[in-house]
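Inspection log for the structure reproduced underneath, given as structure tokens.
The chains carry the letters A, B, C and D, assigned in the order they are written, with residues numbered from 1 in each.
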């Protein structure tokens, strides 16, 4: 059985003594450190650390952690977050018609790879209803309101809040979200999109990649920010193609990539491995 | 010992009977086909074929091939090119200060991987002179003429023509060539440049990729056309990076990629594996 | 809509005139060749070819093909096989408890990636029954007969024959098959297994790979022959791991690899892209 | 300019308080930690750590470090090693006739990628003499003594000792070393060899991989131990091949892999990133 652990994620201005100060705090309160990983961004003079320890023997109750850690946090001007392995994130999946990412996430969830609950699947189309129900997960159909998109967005936000959602996964949800929506889930909404070298902006990118004769196609998962497809990158991967691949083959290979790249990002988020700063991420291994 | 072979590259409107017609022509004149590869681009209604056969026993002398093949070529409205394995392409390398691609190409040439002669290395800087001379290859320094760039370009073109150059390899030659230069070597000039997902236009792309926290960096080799870095892609590859990689690490990994991606493109060109049409390539395996 | 096509796969001793003879046969009977791909194995003096043409306009009815092609086949001593795109292979999946490959194949089948029917899923355990039924596919439980394994094998063979099965996919079926079973499906049974550098024979290979600190893990799909895990290789792939990956991570990454490598092999088989000779395959691109 | 740093590598039985104890030691003596990375092997109950700090401001002179660190080391029963970025390892390269790895290492050394001196190149053949001399590095020819191999080995050992060699790189040195030789450079001798899935033992592995129709070929770099090709793995990589690749293509692709995999291992060793325990390595990123 997996041990109960706490994970502390810290970001602060780089100073001497940070690793020691954090490690000391954990050790002095009886925590046995399992993993400690830190990174410095010299350009930004920023220190980032992830430390995970066993809760057994740790003398500070979770509800008192903030108070106990405050002197250290204040001294170094830290931004920090504590996550417990036993607290499963409540994760919502938004999907449109393409169901490959949804199917993949549901299979991984069922087989125990994703440390989360999935209380709701939301879609602007009915196609994925059956798949949701087969997995025993409530499906909420919210068609896009043609006259005023903000009405349907409001409905989705209300649904997500009601379900106390921690993480929103856009599993090929083909609607552009308004800044108002994005602001509700800062660094807690993950998207997947295709990536090419060179990039093809606009519609039908796989068709255009085929026209251009590219030799690789890629996919990128990222946190959603107000600038479309430009949020902090979590993971990327590519697959080789050749002139023998027709547009259909590109689409099929693209689906395989999208599944894998999105599921990695979701898993790392759920394992509290990702720290965001500026417009980039550190993913601790 | 390798057999002497002829390779025929054909492009024409797609019609019935093309594979048979070409294969028949070779066989009827005593050629033993070693490789035959064809491709159809349905969108362009275009047929592309590469066929390679042993010269031993082939009854048409090279100088008469065009005349003998004319009836077939005319009937199907073919564009074609014949290449002999015994004819070594005369290849010039243009380089600036960074010598990693040059060093790699020279090593591969020496070890027999590249079926070409390298009669001249041209540079706008003196840094690579020693490396050229160590390999016994004439080095021609042509500094960029600050007042009129076309003067130095003219000098390079004259040098290349004098050396009867078939292929120009831009091995990190850091000057933008004028359309006048590019027109002299249509589909016979290969360049290498970095590629990112997403793309970073402008200066210092590795620095910007680092700022953006990308997880992959790439390189693309392509034929040079008048539109900068937008010619037909020959080969692409990527390498994984992480937040631990500093800009120097990115540059070093980028160099390794550039070497490999450029040398593959050059080798395939020299093996007559590449057919260009529209703004794309078919690379026969 | 996809065109109806015929695919001819040919193996024969290498001789002059083969490409022309086959192409001529197709063209003379009104076939429009879509793809033609050939390969020579110089060591074995063997010629292998795959040619696919549109059935529309082709003048030979399928049932007469063997008779019509006989003169060509006899002249060159060919082994050949004709496959029609409209004939869906009847594919059985054998599985034990691990369901990741099964789930992946069923999803791909449903989304149209695999050109086959799946009339039956056979297992020695009950775990996958629900998944089969969710997809509306009959599930046949055949527990291993502890005293005489050949009894349960006989039952499986009878089931497969009754269902007129063309292809058997071992999707993590954890029983070693007897030669008697294997002989029933020569080059028509595909298996998936883990692969490591170096190889780890025997039980718990992922544990041993972890102990050994390997940096890559792999998977191999192959046709099943009488020698365990030693049949003609169809596809292989690897994924990078590090010391941070625990055995559980290796198992999870291994599952992802196994799914992808097995599904590629099955798809290529169903697209009639694979020719087997000696103990190896040619996979036409 | 790069900062002067010290790197401490520690291995010890896993206990509470290790990260804090080591970090405290550095901080209390004025060291500014740049990187700290640790790993636990739960199966072996082992703790491994790499910590690198700026020497500027660090109050303990290098010659006194062992004495000052002793209380910490003793308390936790640590094995440790201190390395300074300013101390360049003295690295010898052993080579036979194939020069691709040698050429690659020399180019990387010249361009500043490898933090070492190369005072000597040793070979049992004369072929690489010219390459060594072009780079201004002494070349020592030690032919294998046909009647008593230990005589030539003794000569090599004496040469390496005389040159005070820290690291021995076997860059395609095609002689099997005796245990007596290996013992002289424990975890300080790096080898490169080809790797296949499945493995092919014995002679001409690339020929046998071609016969077997493998779809990937690989290379492995490892520390040399007394058991042939079975020492702790440092790095592995693979490249995709197809039926179109002849044995010569495999050899060429294999050479490209060998160069890259060996140079990564050498660089990581020189950057003090590798900790060996049992028969495996941890490579800190």
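Everything that follows uses one rule, which is that a residue touches a chain if its C-beta (ideal position, glycine included) is under 8 Å from a C-beta of that chain, and two chains touch if they have at least 3 such contacts.
No experiment lies behind these values; they were computed from the predicted model shown.
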Chain at maximum distance from chain C, centres defined as averaged CA atoms: D
Compare the two sides of the chain B and chain C interface and say whether they are made mostly of the same residue numbers, over half shared, or of different ones. same
Would you kindly tell me how far, in whole Å, the mean C-alpha position of chain C lies from that of chain A? 36
Whole-Å separation of chain centres (CA-atom averages), chain A against chain B: 41
Could you say which residues in chain A touch two or more other chains, in rising order? 242, 244, 285
Spell out the residues on chain D that touch chain C in their complex, using ranges where they run on. 39, 42-43, 195-199, 211-216, 218, 220, 230, 232-238, 242-244, 246, 278-283, 285
In their shared complex, at which residues does chain B touch chain D? 100, 103, 107, 111, 113, 134, 242, 244, 252, 256, 260, 285
Residue ranges of chain D in contact with chain A within the complex: 16-20, 23-24, 26-27, 32-38, 40, 240, 285
